[in-house]
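This is the structure I want to talk about, given as structure tokens.
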């Protein structure tokens, strides 16, 4: 099997220095503890976990912004610990961050999208072609000569995605890209990334707090205190309502309703994730009367 | 208030001046400013002024817009005039007031200085009015490249300028937001003495600095994630190349300098 | 405390080419102790509206009456208005600046010129209300977790002891646990203090669960105001202005389409569970 991301007993330790009682102390944290994750090429994986669970640390590992303390992480076949591969890794697994304002470099949209390919040393006519086509892909062509500061949060995030796409990555890691957006912006960003996954076959690693976004993934991974605690398809994960809540997470409203009904003895399937599925399941039940 | 200053602003319109190569415009402005310090008599002044007027006409930037830029520095202009009138010694006394004497030479000198100052400002703001910040940074980066050998970090300077330009609107918004948030907590930035006013800035400046550092940190990471590794082996999407118009402009600049020298020699 | 808004209009950059009407002739009344949910997509004018309520923005036309008194009538009363109408901005933790949590919460009351004893009492009470324990008082606000920082920032407003508390998307960027903590604290506050609370939110599920009345804004106007049942009953209209009803209401709509006679005014998980249980219990 061909993996885009393969983590083998991945550990990441970091030390924090702080002052307490007028002396400097250091503390060591284990942000990732023996993580084993395999992400297939072309799949759409959602990573869930509360703030500080280690999911962002894992995202940065994929981009080789930080490297394992112990264990190994392969991204597109490259070992992230080997420094000579760092540019290949970052080119093949691009990254989109949470705050749309703090990842746009240039004062004009198309110049910003060109930033990545310029760093890769691509020939200028080639960059022009890429920039035009990726802006088309994220539906932002009309804004290419505009200043990013004039755009909405959702539009800025799509520019950030375009900026990553222009480097022709095989995988995009998105670290809570929708956390600061309004529902409309969230919808646009989600549509863009699902389309890139389905149509261009780009592997998506999507880190989020929104359960309705995780429902759209092929696979869901739940991280808690640096440990992978759950892994499976959205249906397999979301039926475990109690467990998810214990990890400080949520389930979609309908899933929780189905869970409550089952607790009261109604034989409705547990793995209901959308209103349509709920309506379908109820119709089925009614037929059996 | 801040928005009234037209120096450093870009005026969007299609004109032959706008489409010139930024490097050429930078050099032309530089040459023109040097000329302004060399010229000395009415004829050369008149000629330089005429040349500037011609360029303004071609640039399609409304005169009103340029004048607004001068208005914002009117205090400096008046100050220059007064200092020159009062400090220039001469023989043709026009008016005497205690320690100060106003002489014909002084008035002449003040006029010259004020005209020079205005021309200096108009010519340099014409550069920014007709050139986008990004073109300007690209131009500066290119022109500074030869100095890289003696340790001038041309790429880094240009990158810093770009990022500064990119974040100015963001930080202005942020300042506004923090001010309002503190006002909602009863902060008062208007009344009180100088010390109190200075003190009342702390609740704005501390959050602003913290946010600026956080942004810088995140931006650095985002840039690294997009394979940024300094200026080496970096290409550009928009490569600056001289067009036909640029060669004409070059001829105009040379012509201007030659004419100026001829006038100075003849007169 | 009651709020009355008469013919409020706000135009940014009025008289220039960039003029933009953010609020268009709004009339609104909020009575004592109400819990209001204010919804609308970005740019609908809700941020501009709430900043009018504590005189951070002046109306272009119209007036805002607080207990019958125009808040913009006397400039000297600004401080007292901002004390009575507390506004918690989006990402309020970005306004923290003091060396310790305790000092930061004291900033508001100190600006009001209260006595030291009073300041101390208010700060401690506010911190207690948001669930920040004494062991955290002397910590730097910058070492706290995201959710804690936000609660400290809210305490900073609460310490002014306002009669109206406005919160602009207080859960933005928090994880589900942090979100629930903040929302529960707000709900508690409303119940305990009996003050007017105006909650600006994008989450229809949260609004449906908490508030007494919903105000929906679009293009600077109030399109509809009423209870959850009255507002979420108009799902089609909400969708047309870029919003949506809570997820369970779509289940009810779907069931109705299939010919089932189910109530259409169901918006929370508990309500939906009850309705579906009574419908399906024969199947058991």
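For reference, chains read A, B and C in written order, and residue numbers begin at 1 within each chain.
By definition in this document, a contact is a pair of C-beta atoms (placed from the backbone, for glycine too) under 8 Å apart; a residue touches a chain by one contact, two chains touch by 3 or more.
Just so we're clear, the structure is a prediction, and the values are computed from it rather than from any experiment.
Chains that count as touching both subunit A and subunit B, per the definition above, are C.
Across A-C and B-C, the chain pair carrying more C-beta contacts is A-C.
Rounded to whole angstrom units, the spacing between the C-alpha centres of subunit B and subunit C is 45.
Centroid to centroid, with C-alpha atoms defining each point, subunit A and subunit C lie 30 Å apart. Considering their complex, residues 51, 54, 56, 79, 82-83, 86-89, 92, 94-97, 107-108, 111-112, 142, 156-157, 160 of subunit C touch subunit B. Interface residues of subunit A, counted against subunit B in their complex, comprise 60, 63, 65, 87, 90-91, 94-95, 97, 99, 101-108, 110-111, 114-124, 127-128, 131, 147-149, 163-164, 167. Those residues of subunit A lying in contact with subunit C across their complex are 18, 50-52, 98, 152-153, 176, 179-180, 182-185, 209, 212, 248-250, 252-254, 256-257, 260-261, 264-268, 275-276, 278-279, 282-283, 285-286, 288-289. Listed in rising order, the residues of subunit B touching subunit C in the complex are 177-178, 180-188, 202-203, 206-207, 210-211. Put simply, subunit B touches subunit A in their complex at residues 132-134, 162-163, 165-166, 169-170, 214-215, 218-219, 221-229, 233-239.
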